[in-house]
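Going by the order they are written in, the chains are A, B, C, D, E, F, G and H; count residues from 1 in each one.
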Amino acid sequence: MKSETKQLLRGTEAIGESAVRAGCQCYFGYPITPQNELTEYMARRMLEENRVFLQSESELAAINMVLGASATGKRVMTSSSSPGISLKQEGISFIAAMELPSVIVNVMRGGPGLGNIAPSQSDYYQATRGGGHGDYRTLVYAPASVQELADLTYEAFDKADAYRIPVMILADGMMGQMMEPVTFKTKPKDPKKLPSKKWALGGSKGRSSRFIRSLILNPDLEEEHNWRLYRKHQRIEEREVRFEEYNMTGANIAVVAYGTAARIAKAAVKRCVDKNMHVGLIRPITLWPFPMKHIYEAAGTVKHFLTFEMSAGQMIDDVKLAVEGRAGVSLYGRPGRVVPTPAELSRVITRTYNKIMKDYE
Amino acid sequence: MSKVMKKRKPARPSTMKDAVTHYCPGCGHSVIHRLVAEVIEELGIQDKTIGVPPAGCAVLAYNYFDVDMVEAPHGRGAAVCTGIKRGNPELVVFSYQGDGDLAAIGTAEVIHAANRGENITIIFVNNAVYGMTGGQMAPTTLLGMKTTTSPIGREAHREGNPVNVCELLAVLGGSAYLERTAVNSVKGTIRTKKAIRKAFRTQLEGRGFSLVEILSPCPTNWKMSPQKSWEWIDEVMMKQFPLGVIKDTGKGEA
Amino acid sequence: MAKTAAKKKKKQHKIVIDRELCKGCYLCIYVCPNDNITISKKLNAKGYHPAEFGKAPKCTGCAACMLVCPDLAIEVYDEE
Amino acid sequence: MSAKTIFAGFGGQGVLMMGYCLATAGMSQDKHVTYLPAYGAEVRGGTCNCTICVSTDEIASPIASQPEVLVAMNEPSLVKFQNVIKSGGVCISNATLISKKIPRNDVTEYRVPAGSIAEKIGSARSANMVILGALAAATDIVPLSVLQDTVASVTAKKNKAFAVLNEKAIKAGYKFVMDEKKKAAAKKKKKKKTSRKAAEKSAKKKNVKKK
Amino acid sequence: MKSETKQLLRGTEAIGESAVRAGCQCYFGYPITPQNELTEYMARRMLEENRVFLQSESELAAINMVLGASATGKRVMTSSSSPGISLKQEGISFIAAMELPSVIVNVMRGGPGLGNIAPSQSDYYQATRGGGHGDYRTLVYAPASVQELADLTYEAFDKADAYRIPVMILADGMMGQMMEPVTFKTKPKDPKKLPSKKWALGGSKGRSSRFIRSLILNPDLEEEHNWRLYRKHQRIEEREVRFEEYNMTGANIAVVAYGTAARIAKAAVKRCVDKNMHVGLIRPITLWPFPMKHIYEAAGTVKHFLTFEMSAGQMIDDVKLAVEGRAGVSLYGRPGRVVPTPAELSRVITRTYNKIMKDYE
Amino acid sequence: MSKVMKKRKPARPSTMKDAVTHYCPGCGHSVIHRLVAEVIEELGIQDKTIGVPPAGCAVLAYNYFDVDMVEAPHGRGAAVCTGIKRGNPELVVFSYQGDGDLAAIGTAEVIHAANRGENITIIFVNNAVYGMTGGQMAPTTLLGMKTTTSPIGREAHREGNPVNVCELLAVLGGSAYLERTAVNSVKGTIRTKKAIRKAFRTQLEGRGFSLVEILSPCPTNWKMSPQKSWEWIDEVMMKQFPLGVIKDTGKGEA
Amino acid sequence: MAKTAAKKKKKQHKIVIDRELCKGCYLCIYVCPNDNITISKKLNAKGYHPAEFGKAPKCTGCAACMLVCPDLAIEVYDEE
Amino acid sequence: MSAKTIFAGFGGQGVLMMGYCLATAGMSQDKHVTYLPAYGAEVRGGTCNCTICVSTDEIASPIASQPEVLVAMNEPSLVKFQNVIKSGGVCISNATLISKKIPRNDVTEYRVPAGSIAEKIGSARSANMVILGALAAATDIVPLSVLQDTVASVTAKKNKAFAVLNEKAIKAGYKFVMDEKKKAAAKKKKKKKTSRKAAEKSAKKKNVKKK
């Protein structure tokens, strides 16, 4: 898996291999479908690389092992799927509060409850609003191909370190299980040569001791801490927004979709374009920070935004927040983990298109 | 009387910060803190030790210990230690946990850390009660004992039985050193320090999981004077929690 | 302990209690074999009646009080 | 009318009980009341306090950033809160334990030797009730009689003898402050007569200090 | 505590006593500040009433005990505070998916992480968006007085049963700790006389066996299930919205605040009104469903909405979603658990007011 | 040969639904399901029994057992049972859990249910592996055993030791009946049924927590034929997990 | 078992295997003391070669096969 | 060009390996490819399948609701997927295990006795490779040579002898279908000649059925 040539990789493997290449030093995880292959991949690869792999007794343990390893400055990752990510919420809140860099992969399954394991996007709220308690955010990447899974996982480690924040890779069962050609574009990093972290713990040799904690009993200091986090979040909102556009010039209707849904959406939009409709696609690559400004600006000319989500409608909140009433916003949701075909979706787009354009005549 | 008097080794070890603790008068935590700090000082491991304080009365332990520390969410000390130690086998890692923290919400984490033989040390302060949150029943609360959540006294059929943590962990393959002591006497305090030293040594020797369970007074929530608390440990607690080395897989001296 | 003290008979010992560190748990009083420690009548700033080294001490320097003092309020001094 | 009172002292001084009695007394008069303990078992030691608001209107915040009244049962509490008392407010301190005076001129201070008064009556533990009585005299939050009824019904469940003691203690506290008030009034008159000029001078500095 | 007369009660006690009066049959909980008094109150009272109180070994265990007891049709409650509620997210997602009625009390503390225990409102997202995985909602009540805590807790049990949904009581440390006069207006319910639940488990005597589960492997059925939940949510959105208004007629600026913040806001608004400003207050009592329609309509005349939250800004999303760009929306957030005074807040309102009115001149 | 032949009591007990299971050929779950169902039938408790299936290969157990059932999140069977039983002491409550479910993520819940002496029964299927998720290491995976997450074989120092659940629970005050059996022989199957009956009886008698740990083949993830799996249980598994009654606080017959 | 079988010597027994329920684990074959069961050459609908009751059975009706069959595919029949 | 193929059968029939080889072959030709296994370890038993898409354009969905090609290795798989094949598509079935024909006229069906062919060659386990060869003949997704190279490099890691077997198997499958095609073409010609009318009639019913 070390060559820089194109290879056919499963989504979960691409994540794993990229993590190894990014210098991930510790992986802690607990099995859950549909991401078992990632845990299994790490079991093999980390052993090969003489790094740390540990199957924890639970997701709770895993996220707290992440907390511990990260506090010592290690690059560290964990992965799970929806119910397991729910169990990690307390830990994630702590990690965010303590500003510990970490990479968390959620290969979503259908919820709520045990749900099922077909592709789903119903953890959007949890990922973007912080399912845990308190004012915090995690940087959320939503890749739409195995190549992008690989690329964004690699970057996630750098962003986590740069902002001292948990970064989430949000994929679904299809992204995780699917194989596609992948090329690793950069050289693997040697964990021993990563820049050192000034804040990290490692024994107080040659300096005074320090501690990392989230308990701040003094309300004034706690408020200060929270505003500090807030300002960091604002910096991230300014700098880290990513999205992809397709055919947006002159579009009357913009479809907004991410991940697997965006792939379907792109094909559906193409079909519509072939039929001379002015339809475009906005694909947020970061879900938080969400491309607010961009969609706001697009709302100056776009008449309607159709969000397509494999959920009962979660991202639509962010689209509406971005649009600020300057254009219509509607939802095509498929919360049952039945991935629609491009043909189906293109019919939905067409219907919406005709209706909107009629209103405008 | 007017002879020149010289201060013996000061009470405060160099591994403790110069801070007044927030603990109640007569609280065992204060003493145990000092014992742990003394052992760290004596073993010369201050600059390679990482401590993990709990949620519990000892939540502010990082204000007292002069070593690197990282807070664990309630009950997860063993998991946090595991993360640290796996990533940094060269460090000395200990967590400091209460009985609610370790024996209730943190049960799974401590059992599995012990079972894996994680090479870490746990200072387990058993005061038979949730101190910090105001005296609720703990897994180690004694039968008949009244707490705010066992208002007519704990009964086995309703609130369950006291949990003997050392005996439970002894069953597991990876636990290397388990001892139960008490800080309710001069002797007990000396013995406790020895046990703590032995536990850290166990880790330094790479022998696996070590834990010292310390019966510790909580005069506030027991609603007793510190002196009465000491007596109560002798007369009541030790019946349920007998002192001694519960498990030791090595031969090494204390 | 007693023996050692007997041998070193001529050396004197004392303790010094930091009255502001003391929280008045009186465990030192409980453990002192020679009843050297008493309770101060005056409150300290924290609102406790601190422990006090007695007026006619027979201190053997056994350090039991120091050992059990939860609040590091006691230091032992030995004759040079 | 709306008045906020902070009761503060060591744990064990009956601080929360004082607050509870005042709030209950207010409620029994169909006033709006809130009682807010300074919770925070997460930190042990230190002072303990509670804030009571009694008002004829809806109460917004049960927190008092500027209480009309401070009851300080020990010195650290006095030090902690002395600067937040509203200008023109009242400070009642337990003079048995507190030697300091409040370093402000815009607050009426009553230094009540509650401990010794209570001891004289029969039990040092009634010091808090002495202070409650003092409060009834020093402010118009609730009348003495209502307070007495409240304390009687609140402590009824406990011990009869104790109830009698409490009643005595309240009265004693009330009397102490009333006496002080009289003295102060007398003094003031005297002062007024003897040195009008000096008074005017000091008024600028001491402002509302009436005692 | 059984008399119907006015009594001085702590917030946590009012919740507990109301639960008992509503016929709560089982309470499962784990101590955490600032709601310990509720757990302790239940320990005493449930014993007195010969009902079930159990201090569980953790929040995870507690929420799953709730799941079990609720599946047999019992009225059941649990309570915790922020970190503990985070730990319960997986369970809540299951309970929502399985449509099990239950009452969950969150006496929020300041987060993220261990934070502190001063009054805070930073679990708004978690409560209203479902911090757990999947498409689900919980009905969320945000009382602003001890009396309301009592009233809404009582009702929560009925709503939980009526909609088969988890209902959350969202309070903060101040609401939980504070004492105020409370009158219980209705007679206590006898748990034995509660209407029986046709769907509940209890042994299959006289009928065929049944099961309750959230695993729905067939994607079509899972989608159907999710839409069914969605329609239920819509019904709740139509019927269960509650809010309070103060001085909204002719208001140029509306302050939006809930819970403790709303008390401060009301006093602050009064101050402004006294100074002849046209300022009103909207206090959502249900956070989900949020008074969307009402705020939308208000936005027809109100020029600006000032949301005041003891967080870095969470409810503001819902206000913006309601306003749809028809008026300005801004935030006064205090994420440090420093409760501002009415005076402070009225200064903020005044500043905003002057600025807005100037813009309109 | 042409004599009139009569069907003996049918293989399928009346307490099982008429459904084909999704289990792999030779899977122990199928057999254990039938044994549990037979005991429920024989004790006449079908209409007052509530079962709690796990997340694990047995996640669909409600499709097979003809009793009221409610799904537990992964590992929480003991807590869900506690909720049911506390609220309904008149019901018979059991959970059915795998070794990942019970001995990993559900450790705390089972330990505390046992410790409280919850009057419930747990059918604990130990197949040394996470079956449903595709053969990852379980807490009960044997040393040296290769799984997808212990690719070079489990080693104590890295992956920890196998957990002996019965021995662990035996330490706790509230556990009343604990037995380990295996379904890898005719005899073992008969013995297992007896143990299950005893466990349910323990509950019916109100004696507290009962658990039967059943060594059970997972041919698929062990990558063995069903027959070889049976042999492997005898030859390897039983060394680590000796069969027998580990604890029985009552005298009652089986 | 053997004894009982001997006593009831005259009574005949047989088993019937539901070939569609059978998943071909062959545990019945493994346990049958009399080698009565064999493997069918034909696949069933699930794709397994089901077990078959042999041609020349010496079935004692011991029910071992039934007891271990994970898939309830075996029923035992006894002579009336 | 864009073609989706579903491979389906029992576990153990090498279904996923077939899919992997096809996808890899497509990739080696710089096409866009996706490989999607029907994951779902959460349910045991039943059939196992995977979907491969090979395309000159970006691939939207790796799922095939209407695959161009179905490879059915057992009867349940044929039954499960026979109705979703795109009209005009191809169905390759393992005739050794499947006696049924596909009940559609708008699909070209190749019934390849892969099991027996493979057995003849030397190992029944190569049945999947026979089918792969058949696929190369029946469709133009990837050329035979590319498929052969791919299989060689994919299986190279394993066993040399096995590689030789595989090559033979692929060729045999390829040949089988090519022969069938020839036969069909011949038949068609004949049919055309002999009964134009009948053909026209049946064309309405059978439509695109070319065999």
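In this text, contacts are C-beta pairs under 8 Å (C-beta built on N, C-alpha and C of every residue); 3 or more make two chains touch, one makes a residue touch a chain.
As the structure is a computational prediction, the values presented were derived from the model and not from experiment.
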Intersection of the contact lists for chain C and chain E: B, D
Chain hops separating chain E from chain B, counting only touching neighbours: 1
Chain located farthest away, centre of chain A as origin (C-alpha): C
Relative to chain G, chain with the most remote C-alpha centre: D
Centre-of-Cα separation between chain F and chain D, whole angstrom: 66
Centre distance in Å when chain F and chain H are each reduced to the mean of their C-alpha atoms: 43
Between chain G and chain F, distance of the C-alpha-averaged centres to the nearest whole Å: 26
Whole-Å gap between the CA centroids of chain D and chain H: 92
Contacts with 2+ other chains: residues of chain E: 33, 36, 57-58, 60, 83, 90, 94, 98, 113-114, 116-117, 213-215, 217
For chain H, residues contacting two or more additional chains: 40-43, 45
Numbers and ranges of chain G residues touching at least 2 other chains: 23
Contact footprint of chain F on chain G as seen in their complex: 12-14, 21, 23-27, 30-31, 48, 61, 63-64, 66-80
Interfacial residue positions of chain F with respect to chain B in the complex: 104-108, 111-112, 115-117, 139, 156-157, 159-164, 167-168, 171-174
Residues on chain E engaged by chain F in the complex (per definition of touch): 25-26, 28, 52, 54, 56-58, 60-62, 64-72, 74, 76, 90-91, 94, 98, 201-206, 208-215
Chain A partner contacts - residues on chain F that touch it in the complex: 55, 59, 71, 73-75, 100, 104-105, 107, 130, 132-134, 136-137, 139, 148-152, 159
Contact footprint of chain G on chain F as seen in their complex: 1, 3-8, 10-12, 16, 20-21, 23-31, 34, 183, 185-186, 189-190, 219, 225-227, 230
